[in-house]
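In what comes next, subunit A is part of two complexes: it sits with subunit B in the first one and with subunit C in the second one.
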Partner chain A sequence: MRAYFSLLRIRFINGLQYRAAALAGISTQFAWGFMEILAFSAFYRANPDAFPMEFSQLVQYIWLQQAFLGVIVPWSWGGNITETIVNGNIAYELVRPMNLYNRWYFESLANRLANAAMRCLPILAVAFLLPAPFRMNLPANLGGLGLFAVSLTLTVLVVSAYVILDYISVFYTMSRYNAIFSVAADFLAGGYIPLSFFPATLRRILELSPFGAMQNLPLRIFNGEIAGSDAMWGIALQVFWLIVMVLLGKLLMKHSLKRVVAQGG
Partner chain B sequence: MITLSGINKTFRVTKRQAGFAHAVKALFSREYEVIKALSDVNFTVGDGEMVGYIGPNGAGKSTTIKIMCGILTPDSGVCDINGRTPWRDRVAHVAQIGVVFGQRSQLWWDVPVVDSLELIRDIYKTDEATYRRNLDELTQLLDLGEILKTPARSLSLGQRMRCEIAASLIHSPRILFLDEPTIGLDAVSKIAVRQFIKRLNAQHGTTVILTTHDMQDIEALTQRILLIGKGRILLDGSLEELKKRSSERKTLVVKYSGSPPPLVTGMAISGEKDGRLVLELDPAIVRVNEGIAHLAAHCELQDVSVSDITAEEMVAALYKEYQI
Partner chain C sequence: MKLYLKYFAINLKCQMQYKAAFFIHLLSRVVLSFATVASVLVMFARFNEVEGFTLSQVLLCASAILMSFSITEVFARGFDIFPRLLGNGEFDRYLVRPRGIIYQVTASHMEFGRLGVFVQAIAVLCYAIPNSGVVWTWDKILTLFLMITCGAVVFAGLYIIFASFTFFTTEGLEFMNILTHGGKEFGRYPFVIYGGGILKFLTYVVPLAVVQYYPLLYLLGMEDGVFYMLCPLFGILFLIPSYIFFRIGLRRYKSIGA
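Right after this comes the complex of A and B.
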């Protein structure tokens, strides 16, 4: 366990070094959040009844998403894990007395935490101070906060497991830019538009899929769209997908390590 | 104790001709070439031995090392290292070995070296006392001192390589694999690294297997040589034995003015370098002093130097002999 904790620590230290990148990231996320909110507000002004959620709920969704972007996105920060497969440095990871899946999982998790640690608070602070229609508010029902915390934690675990499947695919494709995996997942998990805005049938399918078990759930619990037993059901689904994806990842990892070729000399 | 017997390994490599048309064609049907990286490799290395593993590029050196490290699974054959099969028992096996891949880095690029070392300590579950002791010893012998606090990205190649070696020894491995540990180093760093490896082997009885293209490494470090070519072990013997085997020929470099001298039997021209004549002399036929006397009598000698065959030439001769 000490080894994993130590990995977490060094990844964290490593991540904290990129202050300029964090600053740039924060401003990008502000700009992105504003643009999204402004675009939606134009639609809302045209016809406020045509939308599945209140404007204030949407504002909560977007700011929360931007604040926790570091931990919830279904892609990885710092691509050097996939790079080790492509350039052959994986040789060094394989001579360590560690399970490679667990190692990657923890590294991926640590990257996320380091990233979010630097970006989360400034974004939340400003979002809470903005003028009225754009201001972020706490949920009306504070009991939802606990469920939100549980669901957010599970989201982080689920996306980390998902990203490892992406890493493992690199063993087969030998390309570190498997963008389709992350872009598709981001869209299907409600990264661009909340799932509530999707056509009903598609929405229901997605809510049951692994993508619905990502950012979709905690963000919609926070803004009050999903509550009570629906939230509990969603959390159970998250646990289910987490187990499935970890087991699948471990299985695939075993298979791919048998055919691993350390590239380049 | 390391035993390899009947190890075979093939790789499948995609091939295509240059050009757009072939690239498009390759989208639909790929041509593969099967490369036999290792065929029927057998050898045994005892505890505390230091072995030089040599061969030209692409001979299979790194592949063998990777199999012994548990990274690659061979197609067939048996490999037993201290009672374990590396690729089956990877985690337990690698806890006992240290590896330096000269062309790669195990240090975290952006953090001070000591942070990387602490991570490695935790990965190997090395206790604090052993870690301290090893680190102190390594710091002293490899002259690490201040550079431990520097991020790996700011180190020179020589400094980094010393740190890489330290990183591979933090957990007191019983076997150390060095895959081209002196690649790209300057003369001073090479000597420092060699001295260190020698000492490690003598004091701790660490088994060392070393691949290199630098024959001085071999001369300085190893008594035993394994020569591999085209995936086969061609020779297994001591450096002295091999030197003897590859004749006692001397090389004469002669500088003269006027017309070139006539030669006697036992001498042959092997080339010319900067206006100097390079001659091969076989002492079994003509003695060195006689040869020089003959040259001096027949031309105006300005300079002459005599040298033994070097390990490098010996290996070149071996490569030639085995056509690898």
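Right after this comes the complex of A and C.
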């Protein structure tokens, strides 16, 4: 276990090195969030009654999403794991006396944490200072913040487990472009538009699915759309999906490593 | 030109060697752009119009910009991976060959899997064309054609600028994403919905609205000046500053390759 934590630390420190990249990233994400809010405000102007939430709640959702983008997106950051599978360097990993699943899991977790550690505060700080319609506000009910923190943590754990399923699929397809999973997940988890905008039946199905257990839950707890027992229920679901995905990942990993052929040197 | 076709054929043959990988890539691109279109569909399940544009009109706009973008991604891919070309020394080899630099960068890297977006955009267009209420006369067809081709040119200009920055920084600049990927992503709605300031910026600084919003008005019969129809041609002018910038970067380039 200690080995994994030092791995976590090394990766995290490594990630903190790229401060200029983080600065560029922050400004990009900032512009991105701004454009998103402008697009939604056009829809709001068209018909405020059809808007499923208050406009300020949407603004909270978008800024929070941009601030924590690094930890909540269902794709990997700066990892070259798929690359090692395709080019055969995976053989080196296999001879190490470490469980490959755990190793990948902690690596992916560390990359995420480092990424978010540098980006979240500057983005939030500016978002709180913006003029009125774009300004980020604290939730009306501060008690929700605790639930938000729990749910955000679980989201990071769920997403990391999901990404590993993506890596494992590379063993079978040998293609670097398995973006299908991550993009689909991003959309279904509310990465493009909050699930609140989805048609009711679809939304309910997605909320029960593993995708609902990703960014959807913490962001909507923060903006007050999901509260009280609903939030507790959602968190329970997150725990359930986390266990399912880790077990599934370990199982598939065992199967795929049995048939892995390392070619060349 | 003959040489370009040869490059084209080699690129194509190379990528067709790995058929499964090619189709997975293609499919992943379809899914990728499907998310863009699906988000429009979800919004319009709830709203009837935005800034006066209906669903099929927005889809018309979205498919044109997706097509432009995917054309650029296939044929100007070399500029997208430019940091890599500098890093592994491939670019230095281009410098010693008796052909134009930009020519070689474009010709050596084409990625046909990225046509996935195009495939999907055609499907969207097939839905949008009959439903958008446009009477398809020759001038409307020409307008759409100009929107798509000149749009690809503007995106190519952005890619060249992105690559030129690499001469100074050696690393890719994430900030350009807001204009390239952002242009595609936010270009699914007519740029006017983002307000006057953004529209002005996208007209006079980075001419994305020139190939999207203004000709769209002509297409939908909201404006009928010939100016609106031929507007996309101005987008081609964008290549001039991008080219100049590229030359400036090239002049101060010192090899960093391995």
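Rule of thumb we're sticking to: the second predicted complex is superposed on the first by the 263 of 265 C-alpha atoms of A that agree within 3 Å, B and C clash if a C-alpha of one lies under 4 Å from a C-alpha of the other, contacts with A are read in each partner's own complex, and residues count from 1 in each chain.
We take it that a residue touches a chain if its C-beta (ideal position, glycine included) is under 8 Å from a C-beta of that chain, and two chains touch if they have at least 3 such contacts.
Being a predicted model, the structure only gives us computed values, none of them experimental.
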**Request:** Mind checking the superposed model to see whether subunit B and subunit C fit together on subunit A or clash?
**Result:** fit
**Prompt:** Looking at the overlay, what does A:201 touch: subunit B (first), subunit C (second), both, or neither?
**Reply:** neither
**Touched partner set for A:46, first subunit B, second subunit C, both or neither** = second
**Message:** For A:229, using the defined touch cut-off, is the partner it touches subunit B, subunit C, both, or neither? Pick first, second, both or neither.
**Reply:** neither
**Message:** Under the stated touch criterion, which partner chain does A:193 make contact with: subunit B (first), subunit C (second), both, or neither?
**Reply:** second
**Request:** Go through the superposed model and pick first if A:38 touches only subunit B, second if only subunit C, both, or neither.
**Result:** second
**Message:** Students often get this wrong, so check: with C-alpha centres, what angle lies at subunit A between subunit B and subunit C, to the nearest 10 degrees?
**Reply:** 80
**Request:** Report for A:25: first if it touches subunit B alone, second if subunit C alone, otherwise both or neither.
**Result:** second
**Partner with the higher number of touched subunit A residues, subunit C or subunit B** = C
**Request:** Rounded to the nearest Å, state the minimum C-alpha distance from subunit B to subunit C in the superposed three-chain model.
**Result:** 5
**Asked** Taking the two structures together, which residues of subunit A meet both subunit B and subunit C?
**Response** none
**Message:** Quick check: in the complex, which residue numbers of subunit C touch subunit A?
**Reply:** 20-21, 24-25, 27-28, 31-32, 35-36, 38-39, 42-43, 45-51, 113, 171, 173-175, 177-178, 182, 186, 189, 193-195, 198
**Request:** Over in the complex, which subunit A residues touch subunit C? Could you list them?
**Result:** 21, 24-25, 27-28, 31-32, 35, 38-39, 42-43, 45-47, 50, 52, 173-180, 183-184, 186-187, 192-193, 197-199
**Asked** Tell me, which parts of subunit B touch subunit A in their complex?
**Response** 11, 62, 66, 69-73, 90-92, 94-95, 97, 99, 101, 103-106, 108, 110-111, 115-116, 118-119, 121-125
**Prompt:** Can you list the subunit A residues touching subunit B in their complex?
**Reply:** 2-3, 5-7, 9-10, 13-14, 17, 88-89, 91-92, 94-99, 258, 260-262, 264-265
